[in-house]
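Just below sit the structures, each encoded as structure tokens.
Common to both upcoming complexes is chain A, partnered first by chain B, then by chain C.
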Partner chain A sequence: MASSETTRTTHKGSLMKKSDMQKRLFVLIAVWPCFIGYLLFNLYPNIVSVYYSLIDWNGISEAKFVGLSNFVSMFQDVFVWRALYHNLILILTIPVLTVYISLILAYLLINKGYLEVKLYRILFFIPNILAVIVITLLWSFIYDGSYGILNGLLKIIGIDMKEYYWLGDRSTALWALLPPLIWSGVGLYVVIFMNAMKSIPPSLYEAAVLEGASHTTRLFKITIPLLSPIIRVGVLFISLGVFKGFEFMLILTNGGPSGSTDVIGLYMFSMAFGSTSHNYGYASAIGMFLFVILIAVKLITDRIGSKESLEY
Partner chain B sequence: MKVSMNKALSIIVSVVMLLTIVIGCSNNNEAGEKTTAPSNNAASSAPASEETNVYPDNGLSAKVEVKLKLGFWENGYGREWIDNAISKFTEKYPNVKFDVTYSPKIMDLISTKIAAKNDDDMFDIISPAFNSKAEKVQVIQAGLFEEVTDLWDRVLPDSNGRTFRELVPKGTFEFAEQYNGKFYEIPMGGSTVGLFYDKALFEKNGWNENPKTWEEFLQLMADIKSKGIIPITYPGVYPSYLSFAFGIKQFEIAEKNGNLEEFTKRFRKSELPIYTSVENKEIWTRIYEMGKLGYFPPGVAALNHTQSQMQLLQHKAALGATGDWVQNEMKDSIPDGFKWGYMAIPFSSTPGDTIWIENYIGAGGIMIWKNKSDLIKNWAKEFIVFLLSNDIQAYNNKSAGIYPIRKDFLDNPDNIKEMQDAPKAIMEFSKNNNIQLGLTSKEVIIEGPIAAQADKLATEMINDAASGKKDPLPVLEEAEKLIERAVKETAKK
Partner chain C sequence: MKVNERTIGDLLWRIILLLWALTIIVPLLWVLYESLKTNQEFFADVWALPRKWAWVNYKKAWVSYELGSTMLNTLYYVGASLVLGTFLTTINAYALVRLQFKGRQLIWSMIMLSLFLPGINALIPQYVLMRDLHMLNSLTGLILLDSLGESVFFLMLLGGFMQSLPKELEESAFMDGASLFQTFMRIIVPLSTPGIVTVAIFKFLGLYNNFLGPFIYLSDAKKHTIGVKMYHANQIMQYKSDLVTLFAGVTIAMLPTLILYIVFQKKIAEGATLGAVKG
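Right, the complex of A and B next:
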């Protein structure tokens, strides 16, 4: 009897081992294609970029090692600093406004009990499923001086902008980029925040209502503090996107007028693949600099957000 | 049983995922690019000699099968014309087949293939499309493309014994794109740029369709402006489009000043001064003056291609700085009654002086990758020669609006009858004026980050000058200082 139990235990142990091995094998099979893809198409190019930043190479010529020369040129390049200044303006506005608008919308949709919640959710999310080219073309026509809807609406309320091209003037072009950039990002965060809000126990709100808390108090004293980890991640993603992204500028303004909407990503792109420059080494040096900036943004975002995570 | 089913399912899913990745990574056709092989109807093949099995017109074997990989730039002229040319060519030479990759961004693919340095993977022949002028100069200087200078001296089958060089208009050979006297592509069509307009609008307003002097041109601008219409539009998001109207005028000024030869050499070799040359400064001074008078669209920096073209089609603007592909490019949007006209800006004050026209002299030209077999290169050259036959030129003109490169094309009244309006307008302008075709290509490009900054500075100034907001001369001085630094840096290396 004892021997049969020992055999059963041994058999069970070997089955467990086998199952464990199979599990590991499955994980390996499932993960390694993606991991290889990550190594090949993500990590390797990034590591190679470090080498590229130290060479003078246009994709055709023999690569020539130039040491830190590309970095020296970059730090002396006024266009780099101008582009970063534009990025700074965008990073101070876009994450804050996107998160703020998303939070308000999500809160209203969750708490106001509108019948059309599902419809609104789809409507807000639509920009996220539209291609960038569609969004930019749409906004280029909104801002058009002759036929644009913006000038039309302003005229209805008595402000005649005549044939003012919002993207054609240095003083307004960068600011005119904010609405499309925010509009295209809000929907995603509305959905994220809505789902996060749903997970907050209703009892907290019920208690607050009994205490006489208004909507604003509930939003700022209960909802936002409890969502702070998600908000922090949201701000981080948007901030990184602001620094890396340049598609809107490329299509809407190509960095103009007179470089007033040039951002660091676009400048890097134009140095590598522009109509007049094909300097992979220099573009990679800018890319390395951007990499350092992105790490700094991550660290700053971590510091700004509250370290304490509230639980319920 | 359930467990093993799950296991089996997991393994199947993993294998499918793996295979998907492997297949995805090993696909030879570039994602997003359409690759087709035009049909090879041997309807009227050139009879090969039965004894030797060679085509008598070119001495190439009719038995050896060959496939030419063509990277084709699908631009404003479309793709119909090249499909027709390939179809006719393969009818004539049934042993030749084509594998064409069409793309409006073929230059990206070409650049990547060049950088990969894999001759087998590289196209055999390409449209001369590159991401920048600098890139083209670099690939040619690196010796990556086959020289085709000898084709100028080929006697074309339908030319009564005349060589191609004898068949092209004056100045074509001299101004076709060349590097140290060598050619790497042969011009197949005109590709003329300048100012295009609606003749009907001009006729209705009684505007001068052929100003002979700069003063007459300015008067035309004032006449248009007085009607509340923008005189000249261009897509300011890509400000270099303005050079379609003004770029070649540097040569016109140089000729007027009696230093055309010296200027041409300096320009082609990128010798200093570049931005502050007398010729360049003169052009920008005039553009700035026009800008101050409001002759370009307000908010031009925000106009993309579509918006700028809409201004032209809807008569919000009278003239557009563009190329002869415009008619084909906009064929689906052109309103009824719109009839294309063309003019080049006269920079002289004396009627009858030469008016320079920028002509890219190479639309549809083909470049041959050097490291290919002789068989491929020989057939590629035959295809280039084939593109020069008047039958093909007629079809190209009719279907795509490509301006014919041969003088004798116009000897046939049927050809003229079937010409598209835009190229016909160029022909009329050329007939009524003392014109000179020219090209603003360079044989040497100054490279590097500092040179790129100089270029950026000058490019960013274009819209400001055209809006009359910024005096271009100080910017040109600044750009010149940068380019001087770039030259010094290059010399140090």
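Right, the complex of A and C next:
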């Protein structure tokens, strides 16, 4: 009796051991490739970038530790401030415009039973699935001076721009970047806001309708306040994107003409990977500065929005 | 709720909707029909419709931009990253959500840390790392870079799916003597298919539309994927004005994602919403 008891426990023990081994092996395959990839390709470069910002290095030469001197020259670099000024213009315009256009379009698509609404719901998202290269090339066709769509349309309504290159002139280049940046982002937020609007109980609107509130009043007094948490997330994402993003500028203008569309991300990128410059240390210092800015943007957006969060 | 007073206001709203729709339709249709004209026709009158559809532009684009080999590169990069990445993300989500093992909490918190890393400052060290690993100018290197790693968004999406499955399913499979791997493949994967499809669609869009990665890491023209190839095709256009061919190339470049969108329109709209919720 006693002996059979012991055999049973050892049998059970070996079974446990077997399934334990199996579990370890499974975890090894399931968890570690992703996690090691994350440590190696993501976390490690992020940590090392702090060290990079303190050295003078072109990628080939012996790295030389220079302390904070990259940061000192960065703060004296007029091109850094010029680029940041352009970022400032973009961050004051793009998030607000993107969110407002998306809110209005979403509201119309949800609350107005027009015939064409079904088609629009599908159509409006298309810019979001197009590749950056496709979007930028489409807009370069729109803005071209000799054959561009924009000048063609303006001519039809009687404004002859001659051979005006919208992206080739210092005075319009940065502003001309706003439409593609907004255009390519709106579709996503239309979908997000539409879904959020669907979850607002109709009873809230019914009361307002009885009191004779117009659609505009309903949108601004009921819909937008109720959506404020999700609007805040949207503004945060777009703002972070504005500071991080530089692909549109890289492809459309490469920062030109004469630096009028240079943004901080692009300046950092061309410092490191540009055709003339391989200044890894200096570029990393700009990257660290950008990191701090992005954290600040996140904190500021959280602070501004959190006051007015409503429940229903 | 149907309170549709047809008024002047309605007309205005409909015009606003139509205008936004036109900003999307006009450029796309314009590129499409310009791509079917000859260069002479195009420069003679930009807005005129093509007299005879010049499908030859597509052949020219295919040959002169080497789109055959470019598409093969793209297929390899996107396909391999998609399969490897989706498999690893799925099995990773399962292990992290449903299994108890040592270090699980630590791994989760390290992954959450990634939400605070903007990534842009890591661009240079990442490049140096890839160089030291001899993975520059290598499609396989780029595949590893893009498929090994953690994505909080995808883990949450799949994890949420798997958490909603009853535990008894796995337990009974286990009783029947199935190994963990078998349980995963035969029970978890089929039941999580809707989530896995969403992840795969978004991975596809991200990979196919990825410009910066291939631009930084694939400098050899033979390795170019579609985005980088079209970038260089456009650069050349400054010296040689064969625009109709460029239009044909752009049209080819946008077809794969457009088709994917038409097929999976509902799923893409759903997935896009989930992305915002994680905030």
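Heads up, the rule we're going with is that the second predicted complex is superposed on the first by the 269 of 312 C-alpha atoms of A that agree within 3 Å, B and C clash if a C-alpha of one lies under 4 Å from a C-alpha of the other, contacts with A are read in each partner's own complex, and residues count from 1 in each chain.
The rule we apply is simple: a contact is a pair of C-beta atoms (placed from the backbone, for glycine too) under 8 Å apart; a residue touches a chain by one contact, two chains touch by 3 or more.
Keep in mind that this is a model prediction, so the values were computed, not measured.
**Q** Following the overlay on chain A, give me a clash-or-fit verdict for chain B and chain C.
**A** clash
**Q** Comparing chain B against chain C, which has contacts with more of the residues in chain A?
**A** C
**Q** Applying the touch criterion given at the start, work out whether A:Gly234 contacts chain B, chain C, both or neither, answering first, second, both or neither.
**A** Only chain C is touched by A:Gly234; chain B is not.
**Q** Tell me which partner A:Gly59 touches in the superposition: chain B (first), chain C (second), both or neither.
**A** Both partners, chain B and chain C.
**Q** Name the contact category of A:Gly37: first (chain B only), second (chain C only), both, or neither.
**A** both
**Q** Could you say whether A:Ser199 touches chain B, chain C, both of them, or neither, answering first, second, both or neither?
**A** In the superposition, A:Ser199 touches no partner, neither chain B nor chain C.
**Q** With the two structures laid over each other on chain A, which partner does A:Asp77 touch: chain B (first), chain C (second), both, or neither?
**A** The answer is first: A:Asp77 touches chain B but not chain C.
**Q** Applying the document's definition of touch, where does A:Ser171 land relative to chain B and chain C: first, second, both, or neither?
**A** Neither partner.
**Q** For A:Ile29, select first, second, both or neither according to whether it touches chain B, chain C, the two together, or no partner.
**A** both
**Q** Pick out the shared contact residues on chain A: the ones touching chain B in one complex and chain C in the other.
**A** In chain A, positions 22, 26, 29-30, 33, 37, 59, 140, 273 sit in both the chain B and chain C interfaces.
**Q** Taking the complex as given, what residues does chain C use to touch chain A?
**A** By the definition above, chain C touches chain A via 1-4, 9-10, 13-14, 16-18, 20-21, 23-28, 30-31, 42-43, 46-47, 88-89, 91-92, 94-96, 99, 101, 107, 110-111, 113-114, 116-129, 131, 144-145, 147-150, 179-181, 184, 205, 208-209, 211-212, 216, 226-228, 230-231, 234, 243, 246-247, 250, 253-254, 257-258, 260-261, 265, 268-269, 272-273, 276, 279.
**Q** Using the touch definition up top, name the residues of chain A that touch chain B in the complex.
**A** 22, 26, 29-30, 33, 37, 56, 58-61, 64, 66, 70, 73-74, 77-79, 140, 143-146, 163-169, 173, 252-254, 256-259, 270-271, 273-279, 282
**Q** Under the stated contact criterion, what part of chain B meets chain A in this complex?
**A** Contact set of chain B toward chain A: 7, 10-11, 14-15, 17-18, 21, 108, 111, 114-115, 131-135, 138-139, 142, 144, 236-240, 298-304, 307, 311, 316, 447-453, 455-456, 459-461, 463-464, 470, 493.
**Q** Where on chain A is chain C touching in the complex?
**A** Chain A reaches chain C through residues 22-24, 26-27, 29-31, 33-46, 48-49, 52, 59, 101, 104-105, 108-109, 111-114, 116-117, 119-134, 137-142, 147, 149, 152, 183, 186, 188, 191-192, 195, 202, 205-206, 209, 214-215, 230, 233-234, 236-237, 240, 244, 247, 251, 265, 268-269, 272-273, 280, 283-284, 287-288, 290-291, 294-295.
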